[in-house]
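Contents: one structure, followed by commentary.
Which chain is which? They are A, B, C and D, in the order written, and residues in each are numbered from 1.
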Amino acid sequence: MNLAYKIFWAFISLGVVTVWGLTLNGIVHKIFARVQGRLGPPVWQPFLDIIKNNSIRTAISHGVMFYLGPVFRIAGGIGTYMFIPVLFGSVYFSNFSMSGDVLLVMYFIFFGQLGMALGAGEGGHPYSAIAVSRGLAQMTAFEVPFALSVISLALQYKTLSITEIVAAQQGSFLNWTLFTNPLAVIAAMIAMLGMNMYNPFSLVIAPQEIPIGPPTEYQASFLGLLATNRGIFGGAKLVLFMNLYFGGATNLVELIVKTFWIYMLSVFVGAAYPRFRTEDSIRFFLKYPTALGIISVLLFSL
Amino acid sequence: METLYKELKQYFDVDEFSVQKASLAFLRVPKSQLVSLLTHMKDIRGYTHLVMVTCVDYLEQDSFLLTYLLHNYSTHCDLGIQVSISRQNPVMDGIHHLWEQGRVYQRELFEMFGIDFPGSPDVHEPMILEGWQGPPPMRRDFDTKAYSEATYSHRPRDHREPEEYMKQQLYPED
Amino acid sequence: MQSLYPPIVNGKAVYDLDSQKYIRVWQGPQHPGVTGNMSLELDICGDQVIKCNTHVGYLHRGFEKLMERRRYINCFPIVCRICVPEPDTNEYLFAAGMEELMGVQIPEKAMWLRALNLELSRLASFLMHLGGQSGAFGMGTVAQWTIAYRDYVLDLFEELTGARIYHMYMTPGGVRGDIPEGWIAHTHKVLDGASKLLDEIKHVMLNNAIFKQRAIGLGVITPEMVDHYGIVGPNARCAGLKRDVRKDNPYLIYDQLDFEVETETAGDAYSRTCIRWRETHQSIDLCRQILAKMPPSGAVHITLPNVLHLKIPAGQTYVRAESTRGEYGYFMVSDGSEFPRKVTVRGPSYSHAMALLEDLLVGVNIADVAGLMVSLHTYPPEIER
Amino acid sequence: MSDIEIKDNPDIKSELQTPPEPGYSEWRKDENTLYNDGLPEEEKDWFCDARPQKARKSVQVIENFLNWARSQSLWILAFGTGCGAIELRPLVTSRYDISRLGMQPRPTPRQANLIMIGGYVSIKTLKRIVRSYEQMQGPKFVVAVCSCAINGGMYWDSYNTVKRIDEYIPVDVYVTGCMPRPEAVLAGFNKLKELIKAGKAEGQNLYIERFDWYKENQKKVIKDWNMPDYNW
């Protein structure tokens, strides 16, 4: 299949995953509402919000970097997604996966948030500055167990390509990393709690403390871009975790089911816990998940 | 309370003692002895809780009547210590060194009545009224109705009689 | 690390805002973490607050001036507007002050109804506070539960008084009306549900590891500070002092009810939350006692002369009651005319929100500012009236 | 239904027909700049002094669709300006759940479309309301809840509260009562949605149209005007 086809199908799957990620956001709001005894917003509310945000008539800018912040963010999201094979064995939904794309993906996960930090910094709001420092500190903290678990996967499967990792997990569900390397999976899932930024790790957009963090100054279409990126980036992260730890997916139904349940973990935790302080959160990530990651690395390196 | 008053009379020239109820009494003290009396009550008599400081504007007598209300948690009695200061030159000694919230009361009294408390921390900074121009509003001679009518534009009244209007809106048949 | 923080010279931090080390941030009035409509001016160094100024006055309406212009009976619609979550304390105190100056006694049944109303309003206000406390630490779920349940208590008020938030129920000389049909059964149902909800809250909030981690040791109030700052109510009780107006100077029929003054010794935000949680149980229990002991029938108000031309003999008095935030007092001066000469409201938040908060906030992590502020249960309209 | 009586703003309709009167232009340098003469000298170049311009609408068909989208996701500014804020909390909880209508409170004015004036407005709060309102973006809507915001209510003779809020910012929907029940506020929000869908809620452009008049009223009551003439 030549490059044009590949790009075409990549963007098709990008659209699919964006829609699914936004719908997932709506479902999450619904679930939170039900836990709180409410009816909650309709599932398609995120789409409406995006349309509304893009239909705002005026917009305030604070400079070039302020523009580029959301652009970097969504570039990071798309970049993260573009190198993850979505469906195993499908010619169309395997994006641009290559050998060693795990490292690339981990780099892109960082990239978006760094760009957002730059943009929010130029916003000039003190809460943005505080939230950026919080967010970068926490991100550095949860990247440690995540990186450790990925290293242990690389040691386990002797490869750095997501496709081969998924291929190695095919057959029965007992071949999933969840069962062959549970320690790494636990470490990575805890890291994902921090990545999704629900309670108790919602330091960055803490409405009662620093309302509402980096996007404080962002409005109108900037906010619409950020909301779109929530769909893309969330979907990409979920697909990545599904590929690495839960045996990937061979069709869209399997993808939807698996990503939904992976996401629900952070939702269940988030509905029942208050918020960490920054230093507590960092301490938490550097304690048990890191230890689990190190143990799993040692297990497979010996 | 009477015994307390008699004992206090030996040290301070307090007068106009009046018992309102079993647990509440008021007495008058000259301006010069107020802080020493408050210190005495707080340190020796056990009236450790400053309930409130307030001021009544007696325009006809041309004086402010400040009331310092103290509470004793062991006998559960209140004592209102009142001091009358002149309205022309309202200056009073601060009590912010005795109770921490005293400075807040003094800020409010300066803002609302124009009573100055020299030495009280940031007493001259606006606390409640921001950018207020005009006399201290709680004074008796400040007419709030005239001020509001002069300053703000009121919505023109609806001259329909409410009773009639509601009747023809809600029960048109009868 | 210590060198990063400014030097302390006789109790005050000395620093220069222009040196790029310190930020000045404003919390409020438009801020979800600030209770009501007030604002904090925080100077922070890194994550730590080094100086705080409380700014109030966003809700000033000049009540004390307006009351000088209104007849006594016309003051009733506006006194309850002073404190929105718990308006009944104001109504009761104004009515009690009037009755004391007039020297009239209200009937037995009216006393019980007033006490019942006060306890119900305490319950509603406590539910709101527990929700705010959990919300300040980021747990929105408990906030949704409690504030939603508060509506059922407001329904009780609606059945009893006809109003939802501002029920001008306690008029001079008694209360406005007797208990309607079937109200007591409804009340028992609501109270049972409330105690069930409180047990859930204990499991979800008070036993939560992260909540403890954040609330324990936050904003400690020592017994020495209590008198120096004029701290009252649960904030004083959390320092181990048995101070409750309902026990010390019993008003209405509180001497005929049996309840214990809840105290804690730690004095931090967590103990304040525990005290308020237990006092919510206490209010539920008191409501049940009142419903059990209340005389089934009797007059609910005495007949006064035409209240529009009510002249009150000259005099001055101070009446106090225990609100959710502590001692609430009215100082009333009458000069024998139809208008009050002076009515001064002593709100418990007065000393909590200004002097105490400014000193407690120094050295606190900026993430905990909202939690500490809510745990003091301050309410701005009492400060500025 | 006596306490759930909701009317659209008669003033806005009349003002939309009548052109704004000239004058009140002493603080304007030229057509498109403002003086910001309330600011101290060293702060003047910190703030933008451009005069706000009327926002252009797009084609009617697209505008109808966008209006529908706007009405379906209204974000409220979480600013409790008075007693009315006490009813904003039950409004987001389970009994009256405004998130069903696609509304949610937003903590920052940049992202909010709807500011709810809850009750009386003291001068100190009016200053913050004006700031927040001018920082809000796009088509922005105002719902005035409680009688005090409409005609002063029971503080009609108070020296510190404004008597009618619609002289300082354009109001779309009034909800009368003290306190209005949450049902009344919900009905007000639904009325606002109808107005938005019908394209009648053009408070933003009205504010720009009569900018000088509103500024004059604001500066008349806010004695210490130490902020820019338009808070961009």
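Keep this in mind: a contact is a pair of C-beta atoms (placed from the backbone, for glycine too) under 8 Å apart; a residue touches a chain by one contact, two chains touch by 3 or more.
What you are looking at is a predicted structure, and each value in this text was computed from that prediction instead of being measured.
A.B. asks: Looking at B-D and C-D, which one has the bigger number of contacting C-beta pairs?
C.D. replies: Between the chain pairs B-D and C-D, C-D carries more contacts.
A.B. asks: Need the most distant chain from subunit A, centre defined as the mean of C-alpha atoms.
C.D. replies: B
A.B. asks: Taking each chain's centre as the mean position of its Cα atoms, how many Å separate subunit B from subunit D?
C.D. replies: Roughly 37 Å, centre to centre.
A.B. asks: I'd like to verify one number: the distance from the centre of subunit C to the centre of subunit D, where each centre is the average of its C-alpha atoms, in whole angstrom.
C.D. replies: Here subunit C and subunit D have centroids separated by 31 Å.
A.B. asks: From the C-alpha centre of subunit A to that of subunit B, how far is it in Å?
C.D. replies: Roughly 60 Å, centre to centre.
A.B. asks: Need the CA-centroid distance for the pair subunit A / subunit C, whole Å please.
C.D. replies: 44
A.B. asks: Specify, in ascending order, the residues of subunit C that touch 2 or more different other chains.
C.D. replies: Residues 31-32, 57, 60, 62, 65-66, 69, 144, 148.
A.B. asks: Can you pull out the residues of subunit B that are in contact with at least two other chains?
C.D. replies: 128-130, 137, 142, 144-145, in rising order.
A.B. asks: If a residue has to touch 2 or more other chains to count, which residues of subunit D qualify?
C.D. replies: Expected reply: 93-94, 107, 124, 157-160.
A.B. asks: Could you list each pair of chains that touch one another?
C.D. replies: Listed in label order, the chain pairs in contact are A-C, A-D, B-C, B-D, C-D.
A.B. asks: Considering only the defined contacts, which subunit C positions touch subunit D in the complex?
C.D. replies: Contacts found on subunit C: 29-32, 36-37, 57-62, 65-66, 69, 77-78, 81, 84-85, 128, 131, 144, 147-148, 150-151, 164-166.
A.B. asks: Hey, which residues of subunit C end up touching subunit B in the complex?
C.D. replies: 56-57, 60, 62, 64-66, 68-69, 100, 227-230, 232, 241, 243, 248-249, 315-318, 320, 327, 329, 331, 333, 341-342, 344, 346, 350-351, 354-356, 359, 384
A.B. asks: Could you pull out which subunit B residues touch subunit D in their complex?
C.D. replies: Against subunit D, the touching part of subunit B is residues 128-133, 137, 142, 144-145, 147-149, 151-155, 166, 170.
A.B. asks: Going by the contact rule set out above, which residues of subunit D touch subunit C in the complex?
C.D. replies: Contacts found on subunit D: 77-83, 85-87, 89-90, 92-95, 105, 107, 109, 120, 122, 124-125, 128, 132, 154-155, 157-161, 178-179, 181.
A.B. asks: Would you tell me which residues of subunit A are touching subunit D in their complex?
C.D. replies: 29, 33, 36-42, 45, 48-49, 51-52, 55-60, 207, 211-212, 215-220, 223
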